[in-house]
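Shared chain: chain A. Partners: chain B in the first complex, chain C in the second.
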Partner chain A sequence: MKTILSFASLFFIFPTPSFSQLIDNKVNISIGLSSADLYGKEVIVKDKFIYPALFPNYTKAGGFSIKSIYKLGPLFSLGGIVDNRIIRNWQSSQYDDFRGSRSGIFALSLTFRIHNRYNNLGVWNRLKVFGEAGPVIGISRLKFESPSLQISNRSNLISTLLSISERLFGIKAGTGIEYNLNKYCGFYFDFSFHYYEIGSELYLDNYIAFSQVSYGVVIRLLKDKRFYYIK
Partner chain B sequence: MAHRSKIYFLSGCLFLLCSACRPDMQFDFPLILTGEVTDIDSGGVTFHAMITDLSKSGISEYGFAWGLEPIPDINSSHVIYGKINSTGEISSQVVSDLAPDAIYNVRAFAKNEAYITYGQKRSFKSLGSHPPVITGFSPAAIARGDSVRIFGNYFSTSNDNNFVKLAGKRCEVIRSEINSITVNAPSNVSGKLKIYVDVAGRTAISENFLDIYGPFINYFFPNRARGGDQIEITGGNFSDQGTVKAWIGHIEAEAIFVSPAKIRVIIPPVIAHDTTTLRIMTSDIITEAPYEIAIYSPWSWIAKIQIAPIYAAVGFSLGNKLYFGFGNGDVGDNFNEMFEFEPSSSSRRTITDFPGKYRTSASSFVIGNNAYICQGWNYRYGVAIDTWSLSIEGTWTQKANFPINVTRGSGFAIDGNGYVYSNSSMYKYSPDQNSWSRIESAPAFGYYDVAFGCSYQGKGYLVVYDYVAAYSKYGIWEYEPGNDNWRSLALSPDSARTYPVAFIIDDKIHVGMGWYVQNNTLTRSQKEFYEYSISTNQWRRITDFPTSENTNPVAMNIGRKGYVVATFSPLTGTIWEFNPD
Partner chain C sequence: MIDLPQPFLFISFLLFQGSLTSPPEPVILKTDAAIIYDICFFDSGNSLAVADGDRLKTFSSESGNLSFTLPVVHKGQILSFDISRDNTMLVSGGRDSLMVYWNLVDRQLSRIINPSIGLITSIKISSAGKLIAAGGTARKLVIYDFSGNKVREYNDHSDDITDIAFSNDGRYLATAGADNMIFLYDNHAGIRLTGLARHTRWVRSISFNFDNTKLISCGDDSKVVIWNISDPDHPSLHSEIKLKADWLLSIDYAGNGNSFAVGGLNGKARVIGDVSFYSDRVGRPIQKIKFRPGTGIYFEIAVASRGKGVILFDSRDFKLNEGD
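Showing the complex of A and B:
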């Protein structure tokens, strides 16, 4: 609901009605916020080894993303995306292992986008519907509120392991829209599904799966200098 | 311009790719995760863990630690394994050192040369495990305080969780493994002792005896006894120097005789049914009998019948049946019912056709197949002097009136005649002549009242007590009709009590319960019972009555069994049987 309201608020923030023709552009920079829902089972079972899962038991996830999209042709674009998310509020009905922990996921993805053709007139002059997919690499950093494991040396001094970073890689795919308000800016909304493979010494999850809603502004750069006039 | 944008874009992608790389992690310490406990049943559990990092120097040992404490560690119960060269899942089936229905915590651990790492804690409710087993020990004989190694299985690996006892004293556990325990014997125990090992609430007992030099017990007799009985213990190296103590289980028993080879002790009256240890201490050294002693209680609950609460009731036995009733009702009026109960069949009947005056504090005696009820107090008519007999067939017949207006007496029968003592005088009733005659020789007992009358081998016995203040001990008077002779017998060793009840079995008069009196006030009801032997003229305390509730009881006997009937709340109608055997 919060996501929908935030998205709707963009119409009020940028209410500019425009009837003028907009020219297409080559490069878009999108900056926006994201909210995610993680998927997976509460408990990981490997033969008889039963252990609480880390990522599926987080109930809050959000962050920001920056996209840079370069238009390759009338229907295709290529871009890069930087995503940074904070995942928190770990809850389990049976375990306390990761309670109070937070995970940060910093991900870079190369994205290939298919979108509708630019139109000189009408709604397709301003609205772009797209689908995109691409590989992702990144880092997950898990921070514990209290020590997960007790580590002692021979002097009985206790050291603790309060955080750990892991590499991840995977894919993402999604769809969305961009609406151009004027020749300088617009806004976007997209929905995407992410699947990253990951491994760690401190938890047994071997993937992160989540869906994400992202929304924000689009800064339009490098105009396509072909003009068409209507008689 | 387009060329420049491509450069920007590709540069950005390269930056992102590079920043995604992370250094390869290799820890100084091992990493291990504790999994959920599985396969929980009465035979044990299975622990699971995942080793996720061997550490730079490898893992030298790993395992699981568990216990009832919140954070178990290597000092708790544990299983331990040696070196492991690969990461992955490990598990361990644990079949000992787990008590049923207890909540345990477990942590996996892994060690290298410098560090020990514990995984997260997992909790589980145990359903039990194998009890400990002792297969032997070495050496077979030691001096006090020396060490002995016990062999077996299913011991705890924690010194704190192996409870090893000798003669009831805990040994210091030096080393614990699942199949052996090494302990130091206590310095104050000796004898031929069985070794007790308690693990997780279950106990193993060695078959053979560990011989610790010092006082010892060979045997005792009898090996089955009840409160008040004497036990003779035979052994050696006993000393009468210093304190001599004995214990039946955890209850201290009085030692009444000590010699180098024999000790006699008295079974405490507070022990009911139990089969337990017998220990003695001489010269501050404790030793234990090689087998357990069986203690039994002569008291048993046999029935509860539905009657209204009454007090100052009368009770007697006729044939194989108990009779009790009359007395005062709860509202102060006389109660008009008598109850009949046959212990052998538990049959019961209420007798409502008593034709005489209802009464409280009546006296009774039994001659052959007839019971006689006389004296008493009727709220409407005052002292009731009408005498009635109840035949074994249940017929009431009026007899000659009691000669004087007295109450609160007790009666007995000898050679077909009845005798009732009351208020410093005694009268004899002859059924053949249906007449009463005074026994002139009867002494006055002063402030003493008569609680009970009975006969044995042609003599009458009266249990008397001080009903005014109970300052004095109570005692027994003996009457011999043949020569009209009275004799005061031994006073009870008991402290003062009033309103006791009594019954006779063979030559033993059993007196007990009643009230403790302080400052002329009944302060508390009592459950102590004493036994007087007519043959030896001696008293001894015996097993306590099962409750100290105020029961306003009546007592009687049938053959070699005594009976106590509670006639007042909260146990109204409850019948207990006393079986001396």
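Showing the complex of A and C:
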């Protein structure tokens, strides 16, 4: 991470004299890695009983993210994001209920982005600072390392449960930067907060909250053909 | 294929090999704006006019020194302008959607017209026909006379008009568009002759050759297409050159031959003849490329760039790519 940031800082400190001016893009695709920190209390109190929380007790979360962003106007863009994260290493000082489990969160989101105006010259020819927000839908899939629960159904057959999937929905909001190296590619870095509502019979968590850092490459696909009209 | 005069080739070759003199440094004009959208030589080739932001400036083609600046009238970037062949008149258009007539004798504004064609992306003066043609983002081509009266209007393009060219005798007019089309018009008859479909993406620039038998075009599909228009009623494909992936933004036929200059987003200026081509790297996307008139067997070109202003190149600045 430090290496990436050091490398990135070179481009901000020495902005662009050796490069041609870039034409603004209509469509960009970003592909990158993400790392997340989950928030919440270790335990959940319900009806005077105390239960271990599931998601806040995971200590490692990461995955990948693919974004496609279409520029609507000088200041606004609209896009879609596919996120896939693996959450693992459940730890609690008092409980072992979910130890060894891992969760996957697959999410689709529509994102509305506001960004600085593209400039024909200078650092704003290459650098884009943005804020974005949007709704999220997805699936959380909880997997146990070994069968930890047994469920009896109406015919008294015993089945073991290894995984369970739940739907989730929520919002995300964040901010970030894109830096275009040339007319074909660049890189990005963003920071976002996510809040998803979820419900399950296996755990009492009714939300997932986390912050996420994402970084990767931007592939510039469609240039703005009317570039010479831009003020 | 196109013929390049043999003396031109021979002398250029000697110069490129460095056997006579070392190449001179290209002249960079002192413009306020780093991105220049249009340039135009006066007919003698001694001066070059530049659309420097919202104002028009003229420079000496020899020294690169500023000659004079016209008063500011446009409220925004000038995107296109042209100078009459007798050097007495200039017309300009741009983002403010206005056509401005200038009297170059007393260097004063003579007329402002709003042709209602959106942003004016191309404006040209016919040498013989005393006509001014303008095209813009509203997909309309309008033709005015020198007194400011509208003569005709055409609505053939289905997307932005990107460039206009008059034939050297003024009889024919061609337009290029973002709809991948080129349309050819007969100014005497006042009719559209034909539409030329060969490009697969935006056509960015067109130019007639010196004897009006060929029309050349280039565009975002990286193609240079040469049309045979000896019979303008039935134009045919003469040849097609596919260059390396690049938007080709500007093309210009040499005034006395069939060689042409072309430049695009990758910042490479090329002068292409029949058996050889010459290239030089500008280092910035090329918005316009023009041959300087009256240079005889040598060639000099002016390049309007995105980021480096206007640069004047001598043939000796170019690298010869023989037989490529």
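Simple rule for what comes next: the second predicted complex is superposed on the first by the 199 of 231 C-alpha atoms of A that agree within 3 Å, B and C clash if a C-alpha of one lies under 4 Å from a C-alpha of the other, contacts with A are read in each partner's own complex, and residues count from 1 in each chain.
Everything below uses one rule, namely that a residue touches a chain if its C-beta (ideal position, glycine included) is under 8 Å from a C-beta of that chain, and two chains touch if they have at least 3 such contacts.
Quantities reported herein were computed from a predicted structural model and do not represent experimental measurements.
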A:46 touches, of chain B and chain C: first, second, both or neither? first
Which of chain B and chain C A:139 touches, first, second, both or neither: first
Which of chain B and chain C A:183 touches, first, second, both or neither: second
Of chain B and chain C, the chain that contacts the larger number of chain A residues: B
Chain B versus chain C as contact partner of A:121, first or second or both or neither: second
Partner chain(s) touched by A:70 [first = chain B, second = chain C, both, neither]: first
First, second, both or neither for A:110, with chain B first and chain C second: first
Chain B and chain C footprints on chain A, overlapping residues: none
Touching residues (chain side chain A, partner chain B) in the complex: 26-27, 46-51, 68, 70, 78-80, 82, 97, 108, 110, 137-139, 148-154, 159, 161, 164-167, 200-204, 221-222
List of chain A residues in touch with chain C within their complex: 20-21, 23, 120-121, 183, 223, 225-226, 228-229, 231
Parts of chain B lying in touch with chain A, wherever the complex brings them together: 1-2, 5-6, 9, 12-13, 16-17, 19-22, 25, 27, 29, 31-33, 35-36, 38-39, 46, 48-50, 52-53, 89, 91, 107, 114-120
Residues on chain C engaged by chain A in the complex (per definition of touch): 34-35, 37, 76-77, 79, 95, 119, 121, 137, 160, 178, 202, 220, 247, 265-267, 283-285, 287, 306-307
